[in-house]
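Listed next: structures, encoded as structure tokens.
What follows is a pair of complexes built around subunit A, which joins subunit B in one and subunit C in the other.
Showing the complex of A and B:
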């Protein structure tokens, strides 16, 4: 009877505490350790075909073997990485978007690789490099790709409606009104409250500095004059009905691009890929032009997306920082590696030398009508305004979706939505123990 | 659906006879319930129809043709999905089958012995254990994913097959169901009789109790299989190596490839359609063991 009872209890206890009691087998998190033989590095990346690019490295470097573990990109990955790092399980190398860097650094996920990357600074545009240093002497990642903003427009339909390709935002607004007048069923473009990154890029172009830090203190400038100018401009267009107010990346939006109900798109240099899948019938009808400017004669742009390769503190602790930084530098500056990234993954490289010629000599297939596509893109990319990211971009972005989503649907007050975004961001910084100013 | 099944069993207890054969007074058709059920069926089936139709479309047709009109790209989609990164999709399906199959089997076994012990033995702390389990039923598994990850990491098991399997094996709900079922389906007299005949406890469980519990355990198996197959957060947090991903996490990584690579909608939709097929087959195959009134039984006792 006693034995039976003990068995039954054990079975149940095991059920209740399975993980702690029955699952553990000792051994710390870093069981492998640097033994003799090649250094083995893991690399979390969402770039398609990154494993093929890493294979080139692995063939040439038998002593440092990189294995790519493909992840889903986005804010969830940042959370997953931070959790993994807290548990001592982060990968050695990490792909991260520019705006995620401050979050990752403040959570002690990324190691400072300034020592290992000395001399790579000149390979990148100053505004890009500044984003991986966070304005300090440290270097937290090597830029992989950038995404300067440009204006895409339907050449055929602009001609048909007698529209001039806008060079300033005032002309852009005029073009939107003219089109509405000539054909009320069409819209120049839409304001999408789902795409915080695009709005951030447009604010960058206007000169906004959303986060700045001095010492330990953060200053949030989301609703500064530049941000207000951008918000009011788009809010005004939505309010008077000159452009659409529905989000991008929906089936309805794809249809509108495909059947010509929307004839322009403010987007980044990666747009050809989206056109190919969303608007296949319009192949050869679009063209790229510089982003409209606030002051005539200027040529500044913002960016929408782009990512970097970082080395984790976990790799540094295991003594792999040098090997990992060597790979990160190779991946993003070596001509063969960058060419492979362009060809296999379709990225727009951050390394300035790779932005024209080589793998980018020919225009994307979708833009066969514009043979100098990448020459134009490189010219646009040259003057990318620096971005200033802070440790809680995710909060600012999710407030953007809520506040601007509501304002866009109601055709309401965009600058009030911007203020809401500012307040939520500051409140969250304070709540998480950051010092804030203003 | 549950009412029709229980009704059928009550009116036609003998297997093999259809309810239509039972001699019953002719009934008027109840229009309102039928209509409500039809609406419910349409509500459930429309999304499935959407997936089926969308999976036949090529990426050019996906957003441009009428939603419920079939496209022309099903075979291309299947071929493309199979070739994507050297067939990693099928690896994900195999992983899902392993996690869900082994996990549900072990979970049913564990639930079976635990439920039987809780139902048929009197020992100190039994009520306490059962109450703790009940609290576990109320706890949404999502809240446990991160703590489980930290524990697994400490045990050195994170990013391994075990990290997804082990948490899937323990299902408080399964144990709860098995206990209720064992209490109702195994008469104490039978247990006593077997003991009098000299059966040892394990023999008694294996040869007498277990066969009586099979329908209940099949229910636990199905519940758990579906839960593991559809689980996203646990494997998402636990696994870094994309060759260990189940199909849910794998398909998600096709959707989120960064801005410069468009989401592979057609592949994801086709993959989602294929991933439902094993579940359908499982339900059809195990239907005869399936006792939907187990749930109402829990209330009755």
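Showing the complex of A and C:
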């Protein structure tokens, strides 16, 4: 009996010890105080090889040491960071997409680093800088990369089918119809409802301003005339069967790009990476061209993605805002750092000085047939329409997927889907107590 | 004996045995549930444009999260879809499991151990992996199945849209779940005393009659158990539709009730209404499960 009791006590103790071990592991990440030794900063980023770029900084700055913790990209990281910030475990530096900035600022995750970044404004295009200030005097992040939209097309197949590279959306629609006529098994492209960022970029090109603020009131303009024009254009093409309606990023989509069933893709400047992994057999057969325009002679584009480096309120409270902002500025403006980002991570830098020459002098390997790839990209990027993001982009985006997925499948009313997106976004703002109009 | 029982160590022993379980239960089960309940009665309110620090405050929300959870037509529609999926899945899976268990239990079975393992093996494949593999097979342009049908001059069914989607999802779960249920039923078949079969054979019963008149009634308790487990698993379906979702326009982000909870909490960032919806789903699951058990118990009491 006594032996059993002893065992039970031991088991209880073990359990308690295991729990203590569990509990203590979470609190080990406290940064050292400003007085003791070098400042240690943590950086959450999904950029590949960011640790190699940070190593360059660490070698030159023994007093500010940055350690990179690799994260998953996109919306999951936004949720994770907000949760971590509430628990007081947020990193000091954070990679965030432009459209996530208002959500992060609204949840008190990002610190205002206007003071520390004075003088960096001129390194970036005005439309890009405006997105990190949210139109205010504050600066919430330093731009890392941008993603202007362009048209990618199969040079060989366009020639084979006698198609002209479209410069306007009307010509784009004609090319889609001509191709269907010549070979019903092929499609120029697909309208995909599973990535809202592309549609947002196309709407920006048409002049849409999805979120604007005046005074204390948000105005949501998702279903304004510009958005409707874009929705109706793509809805019309899907309805008449001129293009496909199945989602991107599926095995079937990769196959269609790889075997030439789809011969064009409206995408961003990061597309070469996707082609390399999704359509390896088509190397050297694609070319980049400016995005088709709504009015002949114009040259406006929108963006699909792009990201920034922000400093968290946690870092500011710990007295590390200056050190963190110094790193964020170095990472995205210093020629050596930006060159390393381009080389190691394959990003398209936001800093205008880095967008041509240097590491971007040679075309991506997949586009060896187009040696002036990045010269073209820089020309396209020059006139990027500004984006206008608000505090609930995540709600608008998730509604987009459901509403446009349904409309695309039924070949139905795209502008009704756009209205559903508008209503869900406004309803969510109202529910949270925002003042809204529109 | 009496003096033994009064010793303090003896009285403390049960508590010492219980404490690890109680501590773990409290920390990792009761506490999170309590926190979810607390969150479900709160909500966030924003001041002005919602930018800058302290723009968001958490406030008491009363029952408003519950009111909007229950009145959201998508939760009801999602539940309807889940029930339809379950109506396809559960009979097919348990029917197949029972049939296979009975076949493996026939006297002249060959390669029994190998067959049992082969049927059980899909259960060891994680649901996400299975869904990814099946998703590949459901896409007509990359699926070998559709390729063969095409060669044979036949058109394949559209499994990623409309009603085909229910078949596609139920198929994944049948493939993954039949083996487990088969083992449960088979184990209880092995526990049936051999004398019963001997008596039946002496009376001239065929193997089919033995199966229908003796084996199935004898394994009824395990059928009830497997039905119960399958029902709960059906109500909680999440990873299969979530994995197929990117492949098709026809599955929205609120296809099943748990997918709606996920979307609210982790895509739209509203943990409060997600908590309320989870509580509603948990309550509905409890009510359904217990009324099923009560129904079964009442019937078996009435029969005896």
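Note that the second predicted complex is superposed on the first by the 405 of 438 C-alpha atoms of A that agree within 3 Å, B and C clash if a C-alpha of one lies under 4 Å from a C-alpha of the other, contacts with A are read in each partner's own complex, and residues count from 1 in each chain.
The rule we apply is simple: a residue touches a chain if its C-beta (ideal position, glycine included) is under 8 Å from a C-beta of that chain, and two chains touch if they have at least 3 such contacts.
Here the structure is a predicted model, which means the values were calculated and not measured.
Participant: Per the contact definition in the header, classify A:91: touching subunit B only (first), subunit C only (second), both, or neither.
Facilitator: A:91: touches subunit B, not subunit C.
Participant: Identify the partner contact of A:73: answer first if only subunit B is touched, second if only subunit C is, both if each is, neither if none is.
Facilitator: In the superposition, A:73 contacts subunit B only.
Participant: For A:335, is the partner it touches subunit B (first), subunit C (second), both, or none of the two (neither)?
Facilitator: A:335: touches no partner chain.
Participant: Based on the superposed arrangement, let me know which partner A:255 touches: subunit B (first), subunit C (second), both, or neither?
Facilitator: The answer is both, since A:255 touches subunit B and subunit C.
Participant: Quick one: classify A:108 as touching subunit B (first), subunit C (second), both or neither.
Facilitator: Second partner only, subunit C.
Participant: Which holds for A:278: it touches subunit B only (first), subunit C only (second), both, or neither?
Facilitator: In the superposition, A:278 contacts subunit B only.
Participant: Looking at A:136, would you say it contacts subunit B, subunit C, both, or neither? Reply first, second, both or neither.
Facilitator: second
Participant: Going by the contact rule set out at the top, does A:268 touch subunit B (first), subunit C (second), both, or neither?
Facilitator: It touches subunit B, and subunit C stays clear.
Participant: Go through subunit A and flag every residue that touches subunit B in one model and subunit C in the other.
Facilitator: 4-5, 8-9, 11-12, 15-16, 19, 76, 251, 255
Participant: Which subunit A residues qualify as touching subunit C in the complex?
Facilitator: 1-2, 4-5, 8-9, 11-12, 15-16, 19, 75-76, 78-79, 82, 102-103, 105-108, 112, 134, 136, 138, 193-194, 213, 216-218, 245-247, 249-252, 255-256, 261, 313, 391-392, 394-395, 398, 401-402, 405-406, 408-409, 428, 432-435
Participant: In their shared complex, at which residues does subunit C touch subunit A?
Facilitator: Spelled out, the residues of subunit C in touch with subunit A are 9-10, 12-13, 16-17, 19-20, 23-24, 27, 44-56, 136, 139-142, 161, 246-254, 263, 265-269.
Participant: Which bits of subunit A are touching subunit B when the two form their complex?
Facilitator: Contact set of subunit A toward subunit B: 4-5, 7-9, 11-12, 15-16, 18-20, 23-29, 31, 42, 44, 46-48, 51, 69-74, 76-77, 80, 83-84, 86-89, 91, 145, 147, 197, 251, 254-255, 258-259, 268, 270, 273-274, 276-278, 280-281, 304-305, 307, 345-348.
Participant: Applying the document's contact rule, which stretches of subunit B touch subunit A when the two form their complex?
Facilitator: Those residues of subunit B that touch subunit A are 59-60, 62-64, 85, 110, 113-114, 117-118, 121, 123, 125, 129, 132-133, 136, 146, 148-159, 162, 166-167, 169-170, 172, 175, 201, 236-237, 240-242, 249, 252-253, 255-263, 265.
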